[in-house]
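Alright, structures below, take your time with them.
Each of the two complexes below includes chain A, the first together with chain B, the second together with chain C.
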Partner chain A sequence: MVAALRRLLPHLLPHLLPHAALALGAGVMLLPFYWMVLTSIRPPAEIFNVSLWPIPESFAGLANYARAASQAPMARFMLNGVIVCAGILVVQVLTAVPAAYALAKLKFPGRRLLLTLVIAALCVPIQALALPLFVGLAKAQLLNTYFAQMAPFFLSVFAIFLFRQSFRSYPDEVIEAARLDGFTEMEICWGLVMRGSLPALAAFSVFSIVAHWNDLYWPMIVVSDTALAPPPLGMLLFSDAESGADYGALMAGAAIVTAPMVLCFLIARRHFIAGITMTGVK
Partner chain B sequence: MSVLDLALPSAGVPATRRPRAERRMMRRGLMFAAPAALLLLATYIVPLLVLGGFSLTDYKLGAVSTRFIGLDNFVQAFHDPVFRRALANTVLYAVIVIPCGVGLALGVALLVHGRRRSRPFWEIAYFLPVTATLVAMATVWQFLLHPSLGPVNAAIRALGYAPVSFLATPSLMIPTLAVIGIWQVLGFNMVLFLAGLTGIPKDLHEAARLDGAKNPIDRFLTVTWPMLGPTTMFVVVTTSITAFKVFETVAVLTKGGSGSETLLYALYLEGFEYSETGYAAALTLLFLALILILSIWQTLHLDRKVHY
Partner chain C sequence: MTPQSLDLVGIGKSFDGADVLENIDLAIRPGEFLSLVGASGCGKSTLLRIIAGLETPDRGSVAIGGRDVTEADPSDRNIAMVFQSYALYPHMSVRQNIATPLRMRRLPLAARLPVIGRLVPGLGATRREIASAVEDAAEALQIRPLLDRKPAQLSGGQRQRVALARALVRAPAAFLMDEPLSNLDAKLRAHMREELAGLHRRLGATFVYVTHDQIEAMTMSDRVALMEAGRILQLGTPAELYERPASLSVARFIGTPAMNLLPVEIDGAGRISGLGRDLGLEAPQGKRGPATLGLRPEDLRFVANGSPARILRTEHHGADRYVTLEILDRSAPTLTLRQRADEEPIPGADGTVALGFHAGRAHLFGADGARLVLRARRQVAA
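On to the complex of A and B.
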């Protein structure tokens, strides 16, 4: 038996070794997720139990999630996140698509300048603009509003860049023909050219939603009202208020905040990976 | 003769039609680009000019008087022990995250690339931290690394060592944040490397094998590594930008306490907690200069990297 194994091992090893290495790494990558879910269903009495055994002695998931939802307005945080992400995405698409179409297919004075500015703006992170934008919003008495949370992101230079790349390959003859058929320029832009770039739109949407759902920096600056906090800021306020005693509820809160993006990722893995990695930018 | 040649084609077109169509197209172009152009002005160009202005003054949000103080803010920054510590911390963080985040990702990508049936599973496992909300996961890490309640210290105790308080020992704070940073960036880099690996023609490996590169390490060094050059460069620059922007983990785990400020966190404190607007503007410009060096390179190479 041992001899047989010893004979087989040199053949099996090259096959097993990569899997073993990957499994070890994956264990480390997934440990926080596992620990989060496990703690969120453990009763407080079992907090001192540091074992990784998946089944708690008594199931306290409902109690933990209920405590998380009552100690912090979790539903409100999630709603805020949805409102902010949706608002940002809608305005980004509405402004970026016509601009990208104009840059790709129309001739107008200042076109080169606009394109140069768009590409230059790609290099500027939000953190560099935060201070003057904050002062402006403060002067306009707009802090602690949804508008303040969304405004800096209404223009996505990345969306313009991406859509322009995608629109350029749309055949000019089709546009010419549509013009002769009496289509308005708006109909051509949205109905023909944009419709031909739906994969780019899907990828950009994923990118935008993930980036803004997870963003902490900007909400931390313009929001101090708990009722307007998006999930990451809500999570931060929750964990600061929870001075470390109730880990069950804290982990339940973390699971609630993390769940939407993780579930979307598991459902639409390909789109997600394309959307997020399409950019190194931001 | 040549003048006549040039004049001829335009004479063939009805003189009134073309300029009118062109004018219409110009109007449309301006109309279509206008909303984006106005937003560009309002959210990028004006703020940057204002930022530059702030940095030369002692402006404090809400203060009654403001003086022009030239470059004093910048001089102050380089004498400010907090800013220098923040800079040193950020560099230390980057020095750990960049090589480990890139090297480990390359290793994982090489292993995952060879798997056929199990590839989706590994992709999910390694990419999951990228999509997860970092603030929430930082809270989980805090608990994982807890001196008495966390499994990491339980393992350390089981091996017979004294428990380590990773997030309360000043010398361990930045390295601990860096480990979390690597955990977060690894899957992202892996996917970029996987895309790069897919782009390497199969016959190149075959050719290298026939040329005597018998073992996988030789083939990696002669084919894969040089072919991955542009991808690796892109991954290094992208990881550097991410590393220099470290903020969330600091905000959740250390709050900049015990000398663990990073650039962005120090900047956040000056600008938004202490309302030292002028000084924070100068720090922002220094931060921007650092990021620009990297992001200009990255943007110039974005054209080739956009894939969807």
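On to the complex of A and C.
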């Protein structure tokens, strides 16, 4: 038995090693989530216990989750999150798809320059724009609105770039056949080219929804009203105001907030992975 | 729809400063099957795309049925195109693919929208007409059993048929085809060639057919336009191109095996000498200097008294035999002779043969490549 294993090991090792390394990486990434779930079912006395054993000495999950659900307007936060994420995603797709189609498939002067600008804009972080955006929104009396939370993200250069990469592989001759048949450019853009890139749409949707559902930075700048707060900001306001140091309830709230994202990914997983590998964006 | 004429006048096009088409004039008659042939990169596809409106010419004009369409959108030209890659809509079934050109023309935008389009009232009759036109086109190309499949589930030959059905469903002013058979295997290609020719006879429509395969062009066309480097070298019937090539380039391109080309010399009196002797042929006055004599393989023959040559190789092609020969003691290129398989080569006493040619069918090209008039002093020269 041991001898057989020793004989096999040199053959297995090259296969096992990469998987072991990836598993280790995944473990490191997942640890905080595990910790969050763990804390959400521990009683206050065990919060600072460093043990990773999954079963707490006394199970406080029910109490924690009940407290989180009753003390904070969780449903309100989630609804705000849904409104903001959906609003952002819809406008992003509506604007990015025609732009990406034009950059990928139409010939016009300045196309290369515009593409360069798109790639350059990928490098500008939201933090650099925060101040002018904030001042602009404040002057327009738009602070503390859904619009203020969504507006800076309506135009996504990342989406334009991702869709352009995906659209480029759509066969030109099909587009030309469509032009001969009398399709309008918008019908070609949405009905043929976008239709052929659904995995890219799924991938981008996951990126966008996760990013904006989890965003704390921008909502914190433009929203102070609890009734408009998306989940992370809501959790923050809630922990400040109500719970003090009730980490169990806080983590229970965080677990509730994270759950839709995990679901969203699981549903779109196949398309998401296909979209990522297809477009070559990582 | 009655077949329409296509008129191209002074078409020029360049990409990034490189001239791809230079001053193309081409008048295609209604109902004609015209092929554009030429080597890869000579601008055939570009010319076809200009006719279709997918590319705008830098100079010149395009008219369809006498109407100037140079500035018109592709969809306003009522032209159907079959692409080399077939260009079927990948997410639609065969039925929907064939119906699309009609739907786009006959249904308003709202009725074409997915799902809600069905709710637009008052179009039942139109939808039924479209459905029956699709059935007819599918019947004509024998693809009815495939109507509910997706393009990805079809073989190359089947996709080809669907593409043809989609083109002919709406009776266009003209059909444009860009190497539609090049992705098929040899047997299917020969079959589809026949079928396309039959389709053209049945429909009586104007066909413009792009190919780099001269056999396709010669077998199907009423006329052939031979292109090279963005120009039309010669426009004529297949027989004209074969029997009276206007230039050396045309002579080289048309015919398999290719025409034999011999370097010859014209003297001051117009006598032509080659292979170290007077060939018994006369060129027009004032054309003295080097020239090229062109001899089709079937116009070479074994004679009792001719240029001594040695047989290098014999290829059997069923009814025909191609014999590759080398002229003895000369730096002339090797020649190909074509004879019927039932003819016996005549071997000479020392294993060599004597080669002659049909002087009345020889072609003469001047130093600039242009065709020159040739007169034979004797019937068979050597």
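The working rule: the second predicted complex is superposed on the first by the 190 of 282 C-alpha atoms of A that agree within 3 Å, B and C clash if a C-alpha of one lies under 4 Å from a C-alpha of the other, contacts with A are read in each partner's own complex, and residues count from 1 in each chain.
The criterion applied here is as follows: a contact is a pair of C-beta atoms (placed from the backbone, for glycine too) under 8 Å apart; a residue touches a chain by one contact, two chains touch by 3 or more.
Quantities reported herein were computed from a predicted structural model and do not represent experimental measurements.
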| item | value |
| --- | --- |
| Partner chain(s) touched by A:Y247 [first = chain B, second = chain C, both, neither] | first |
| Which superposed partner A:V174 touches (first chain B, second chain C, both, neither) | second |
| Which superposed partner A:L192 touches (first chain B, second chain C, both, neither) | second |
| Partner chain in contact with A:G182 - chain B first, chain C second, else both or neither | second |
| Touched partner set for A:R111, first chain B, second chain C, both or neither | first |
| Chain A residues within the chain B interface of the complex | 18-19, 21-22, 25-26, 28-33, 35-36, 39, 47-48, 50-52, 94-96, 98-99, 101-103, 106-111, 114, 117-119, 121-125, 127-136, 138, 151-152, 154-155, 157, 160-162, 165, 185, 189, 199-200, 203, 210, 213-214, 216-217, 220-221, 231-233, 235-236, 239, 247, 250-251, 253-255, 257-258, 261-262, 264-266, 269, 272-281 |
| Complex contact set, residues of chain C against chain A | 49, 52-54, 73-75, 79-81, 83-91, 100-101, 104-105, 109, 112, 114 |
| Chain A partner contacts - residues on chain B that touch it in the complex | 22, 25-30, 32-33, 35-37, 39-40, 43-48, 50-51, 54, 61, 104, 108, 111-112, 114-115, 118, 120, 122-137, 139-144, 148-151, 154, 183, 186-188, 191-192, 195, 234, 237-238, 241, 245, 247-248, 251-252, 264, 267-268, 271-272, 277, 280-281, 284-285, 287-288, 291-292, 295-296, 298-299, 302-303, 305-308 |
| Contact set on chain A toward chain C in their complex | 171, 173-174, 176-184, 187, 191-192, 195-196 |
